[in-house]
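As structure tokens, the structure follows; a few thoughts come after it.
Should a chain be cited, it is by its letter among A, B, C, D, E and F, assigned in written order, with residues numbered from 1 in that chain.
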Amino acid sequence: MRKIEAIIKPFKLEEVKEALSSIGVQGLTVTEVKGFGRQKGHKELYRGAEYVVEFLPKVKLEIVVSDDQQTQVVDAIVKAASTGRIGDGKVFVSAIEDAVRIRTGESGDVAIS
Amino acid sequence: MRKIEAIIKPFKLEEVKEALSSIGVQGLTVTEVKGFGRQKGHKELYRGAEYVVEFLPKVKLEIVVSDDQQTQVVDAIVKAASTGRIGDGKVFVSAIEDAVRIRTGESGDVAIS
Amino acid sequence: MRKIEAIIKPFKLEEVKEALSSIGVQGLTVTEVKGFGRQKGHKELYRGAEYVVEFLPKVKLEIVVSDDQQTQVVDAIVKAASTGRIGDGKVFVSAIEDAVRIRTGESGDVAIS
Amino acid sequence: MITTLHLGRKHAWLMAAMTIFIIAAMFSIPAWAQDEEPTLDTGDTAWMLTATALVLFMTIPGLSLFYGGLVNRKNVLSVLMQCFTITALMTLLWTIYGYSLAFDTTGMEKVDGYAFAERGIHGYVGGLKYLFLRGVDKDALTGTIPESVFVTFQMTFAIITPALIVGAFAERMKFSAVLIFSTLWFTFVYAPICHMVWSGDGALFWDLGILDFAGGTVVHINAGAAALVACLMVGKRRGYPERPMPPHNLTMTVTGAGMLWVGWFGFNAGSAVAADQNAGMAMLVTQIATAAATLAWTAAEWIKHGKPSVLGAVTGAVAGLVAITPASGTVGPMGAIVIGVAAGFICFFAATTLKRALGYDDALDAFGVHGVGGFVGAMLTGVFAATNLGGFEIEAADIGKQVWLQFVGCAVTFVYCGVVSFIILKLIDLTIGLRVSEQDEIEGLDVTQHEEAGYI
Amino acid sequence: MITTLHLGRKHAWLMAAMTIFIIAAMFSIPAWAQDEEPTLDTGDTAWMLTATALVLFMTIPGLSLFYGGLVNRKNVLSVLMQCFTITALMTLLWTIYGYSLAFDTTGMEKVDGYAFAERGIHGYVGGLKYLFLRGVDKDALTGTIPESVFVTFQMTFAIITPALIVGAFAERMKFSAVLIFSTLWFTFVYAPICHMVWSGDGALFWDLGILDFAGGTVVHINAGAAALVACLMVGKRRGYPERPMPPHNLTMTVTGAGMLWVGWFGFNAGSAVAADQNAGMAMLVTQIATAAATLAWTAAEWIKHGKPSVLGAVTGAVAGLVAITPASGTVGPMGAIVIGVAAGFICFFAATTLKRALGYDDALDAFGVHGVGGFVGAMLTGVFAATNLGGFEIEAADIGKQVWLQFVGCAVTFVYCGVVSFIILKLIDLTIGLRVSEQDEIEGLDVTQHEEAGYI
Amino acid sequence: MITTLHLGRKHAWLMAAMTIFIIAAMFSIPAWAQDEEPTLDTGDTAWMLTATALVLFMTIPGLSLFYGGLVNRKNVLSVLMQCFTITALMTLLWTIYGYSLAFDTTGMEKVDGYAFAERGIHGYVGGLKYLFLRGVDKDALTGTIPESVFVTFQMTFAIITPALIVGAFAERMKFSAVLIFSTLWFTFVYAPICHMVWSGDGALFWDLGILDFAGGTVVHINAGAAALVACLMVGKRRGYPERPMPPHNLTMTVTGAGMLWVGWFGFNAGSAVAADQNAGMAMLVTQIATAAATLAWTAAEWIKHGKPSVLGAVTGAVAGLVAITPASGTVGPMGAIVIGVAAGFICFFAATTLKRALGYDDALDAFGVHGVGGFVGAMLTGVFAATNLGGFEIEAADIGKQVWLQFVGCAVTFVYCGVVSFIILKLIDLTIGLRVSEQDEIEGLDVTQHEEAGYI
């Protein structure tokens, strides 16, 4: 199994989820995160105290899939999340050794399908 | 070392933590996440605008353990977090290459015990 | 590629980010988490109901780097995040198989540099 | 359940007795009172318009925020919704029949002592003369203010009282059950007690000389008694007391407490129904007692737990406000200090030690603060109304008698309210049920009862 | 854009006609009115000082919170900022020329019917006598209160009206455009309508006998009409209606609603400009209608969607407050119930079904609640002012005529305001532009317009 | 520390001088004033009851929210707690001896000029006649209102003044130190300054003819001076100014600002102690100056930084409210505009550029807004009180003299308050310590001082 982690712009979440649903992804987990990268942050100003916000709101998706779904899922995310502007985010792929569905105790690929 | 990631229902957090403590787990990290899966979300309605909330509040636990603790930890989580209802969550296991305790700089298994 | 996950004390975030920037890290992702560990939590008291807060606010950094940067990055984090007090946190290292930059579709090391 | 049934049995006799005397009283003969010719005073009217706004402000948003901050974030809207809908519902009920049941003085005649039979039904509950506010003409006066203002002022009291009870059964009661309970409780408990205390000659408490300037019995003991019965009947929240249930947003609670304090000037100084020395002194003693109670609770916490908390400070303030309520027309500044200090310490004990010892789940301490604080205030009113103790009402020699009368007032209210509340809740439980399902309780009342979320 | 151009064409004729009559009217002859010698009444003054504070309280923080909670968290400060800055801006404009344009009665003379030409310009807008409040001496009185108080009281109405419109274009309009729009709209719409309704003999609506006690036309229909035009001109929010846009913090909205309710006593009972029976009855009917509307909306939701929501309850309350506003000086309690119920149901329909059907993006339902609720209230004022229906103003036989007059009042306000608002918005759009860039809208107005964030 | 010691030395002489004259003054002979027989006016009383509620509302929840939103979320409760407990504490101190020290006029006699020795101690501080409010009978009047109302009204001023200072040392001072500081400061600074300004003939500022209608010196310059000394003595927050410390919840701050604005009507118009033309004009000019300052600050930000912020707008509003305070009884609308604009610009400069340049950490700008704004207001009061500039008090020819007097008032207050505050803080620092440990500061005051958390 593979874990696909995608860091995307928050307003793209809905579209990415649709894209993933449409290729049969059954589950995913979403976390609100702050990203630091090439995308310039904005300035905030409080009574003359300038404050450059370098950590920008992003959303992290984690999707564990069977090995054969990997390419399809990554492509779907990249396609749906892209705006062509800096800061669109990253997708990271890593290995998962096992998965268990808590409700049933099933493990392996069946736990995530 | 292994990283055990568990996505569970929020109200089960306390019980799972107790279960893990009782088998000697020394540390863990908790993140509030939103989960999308088989569990149906609920409807919200604001001045006639219906809004199906498909992302449900979940809690993610991350526990890094030595290889030999893996089974015991996974079992404890599955047991404590299960309600038998859909949406109980998943446990994922992956490999961790190294761990360092920041305070002391120690690394390897000793960093997490 | 390697994923470095660091769990640190929140007030150290700025310093760690500076340290990483100064050694050329281009991007990272930050999550607010709660940590349970050796560090004792504090007591809260509401109308006589005592409540020991065992989950303490921490910040998790995730940084994906090329293999050769690993040591440097881990060292920088440990140095910047350490206060010598219990609860300073951990650094975990794991393998990443692939990375994709959403904006361009580039993958591999180039996606994170 | 065992507890609640037990409660039922224990008081069944008293309830029966009450029912009998009420029916018996129906046969007594009514009589008419005569009024002098008053004229409108714009100053008094100005103040009472303001006081009315202030008392409404106590419930929305004051009490709503105070309570809303204390619950779990998944239930915050349910509390706000209950307070808001109760405000609307009580307004209509008051308009339709509440004012009449409380303030129609038809057939009332002054009677000495507890002579129930002689007093007639209208010593206990008003008639139906003002149904739908018929007869409340634009030009009608109550004292020196328009009756329309008096109606609205009193309405705001009828609003806040059931809203206070919400604190006892928060986080687990069905919304429909809340509305039905509030309606029945208003009708069978609030209206008669209000009548007995404030409708004038011929009303039970009034004739007896029980002192309750601004609603210690009518509002606080009444709400407190119902709260105790309600939290016993509805049962504990899932996980109480093992699982910690800390307030989800104390800034909200502190904000609400500030609003309650400010609004309470309308409550107490407004109860003078004039902009005069009584109103002025009521405001002053309200301020003093509240401050004293705040510091008393803070000190108690500091001593007992080593640190004072803002939740303690604001709860102390509310305890002080509650306790000074019945006293605010008859005590002076020094009496106010003592009342405040006593309320702070005793309610601290009730809301922390006592509650834990007895094990009931009065979620937001509606009984612990309003019931207990109301009792403390009512009793001490009997003491500090004495002129030698800085009060304005009774002789030093009469303190003993007055304290006894105050006790009678508390006891009758407590018992009557407790019994009738029990019956109402039992009926609801047997029909539509009081409590949401366990699953709904876990998911939270906001989503399951109202399909919305407090925060996104 | 097609919609908005269309709107422009459709009403261009009417606008032209209006312009012509206003110019024509300039040539008519002014006349002077005589005043009796009044003296200051401290009670009336006390109440009006309070009422002024209450109406200001409606905007800051009342309306600000009500609206602020409804938007996305990235736009919350922009809404608060708009309300706050409008408060400051309208205060200065009112001081400099607004009060004069609205309440300078120079050259006014009572005229029957719609006789525009005879009436003269000052039947439509005031003169410049009070520029910079020259002539508003410390000792000057308006009725029995200092003119300074009257100026400030009326100022608070001039503040809240443009603030209400913010609800229509929230989350997408440029801050600079908001300020310019508010300034022009205040000058060319608010001031003249206010003058026509409230400045006395010689003013169009006044002479016609249109009943508007506390600002149904001046404030609510006026704001509602502008809101509708504005949301059409500014266009939908990105993603509306496909993407859900739930309120980011309903506790804030409910808090604001409570404050609006309380503050509205100043609005309606303050419109009596005295602490008398009119004020008292205005307060009572305001309370009743609001409660009825709250319950009506709640019931509508319960029936239609299976569950009642707190957003529904508080929106219903505001609808009731809006609808009772014009009626609050002339209807009795029973009329208030009917008005409240009607407003609750009809605004529920407008803000849910109608808005969805027509597809405009009135973000926070400024039109759906204030426009529609204002209309319902204005029309029913014509009915329940009748003495046989518990009202205090007209004969049963005159209901038909009064309803017609009320309709005229609504229609003239709606059309005039709609046309002028359209022109103003068009001009702004053609010059600096109405709307922020798409990128700014995505990032949120707080950061892009004000460089700050609501929550850290 | 070096800074603070330096400060101490610099003013040591003046302090010594002050101490000497106070002791010297003790030997002078007291005299009695005669009063006319006033009667109670219900309208005046109604307004003053309301005004009292409004001023209390300024502190809880107004100022609490304003300040609470500005700090880090881990310290929000500590700020709310400090404001709330100060409210309670000052209430008791005022009751026990504060009112007496401030308003006992025993032994006062009008004296020309600065003649310290002749004036006697009671020109600087009141006697002990009203200890425990002995002698404040229910029927006693102050002017046309019950003395009980006057006592409570003035009490609310004594509450808000120390609460304002909290802004300077927020996020790092020990809770116990805050309470001790407030108690001593109230006793040795607030009470005497209040006495000198408002107790009437024989009081220093009063005799000199310094104009301070509603508390520019007593409240704002006083609080501002103490704030400056306090933030120097307590030292900077950990990480200031390198680490950004953005407000954790600006919606809270804006809400608080709205409440301050509304409540300030009680403060300024209430200072007329009547519902009359003075109150009316005070309300009007308060509204105007506040609006002008809001827009001035907004404009300054827009010009200097390219974008206006809501934090700027609300801070400007508070600056305007502060500045108009001393002037509100003596200036007209046009003076109000100038005062507002000046306050907006100058406080903008003080809270941004000046603070950064000098490097002190006045966390929430208590000095920058209240000290500086109070000074601007006090000085301009001397100008715009002139009848030829629309004011109501002095002749054009006397502007120079009046400005000088105003300056004297500011200077004496600033120096006296600064010196005594320094001594008090020093004493506390040497005994229990002013500041929490570094570890506690990192963890946050909510948990370490009060064992609770603002948000769960």
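Just a few scattered comments:
Note that contacts are C-beta pairs under 8 Å (C-beta built on N, C-alpha and C of every residue); 3 or more make two chains touch, one makes a residue touch a chain.
The shown structure was predicted, so the numbers you read here are calculated from the model rather than taken from an experiment.
The minimum number of touch steps linking subunit C to subunit E comes to 2.
Counted as hops between touching chains, the shortest connection from subunit A to subunit C is 1. Chain pairs A-F and C-F differ in how many C-beta pairs are in contact, and the one with more is A-F.
Chain centres here are Cα averages; for subunit D and subunit F they lie 37 Å apart. Between subunit A and subunit E the centroid-to-centroid distance comes to 46 Å (mean Cα coordinates, whole Å). Separating the centre of subunit B from that of subunit E, both taken as means of CA atoms, is a distance of 53 Å. Counting partner chains per residue, subunit B shows two or more touched chains at residues 31, 44-46, 94-95.
Looking at subunit E, residues 41-44, 46-47, 50, 246-247, 249, 275, 305, 307, 309, 311, 451-453 sit in touch with two or more other chains. A complete list of chain pairs in contact reads A-B, A-C, A-E, A-F, B-C, B-D, B-E, C-D, C-F, D-E, D-F, E-F. Those residues of subunit F lying in contact with subunit E across their complex are 41-44, 46-47, 50, 54, 73, 246-251, 254-255, 257-259, 261-262, 265-266, 269, 274-281, 283-284, 287-288, 290-292, 294-295, 298, 305, 307-311, 313-314, 317, 332-334, 337, 392.
Interface of subunit F with subunit C (complex): residues 243, 442-443, 447-448, 451-453.
Across the interface of their complex, subunit F is touched by residues 44-49, 51 of subunit A. Subunit B meets subunit D in the complex at residues 11, 14, 42-46, 53.
Of all residues in subunit A, those touching subunit B in their complex are 3, 17, 26-31, 64, 94-103, 105, 111-112.
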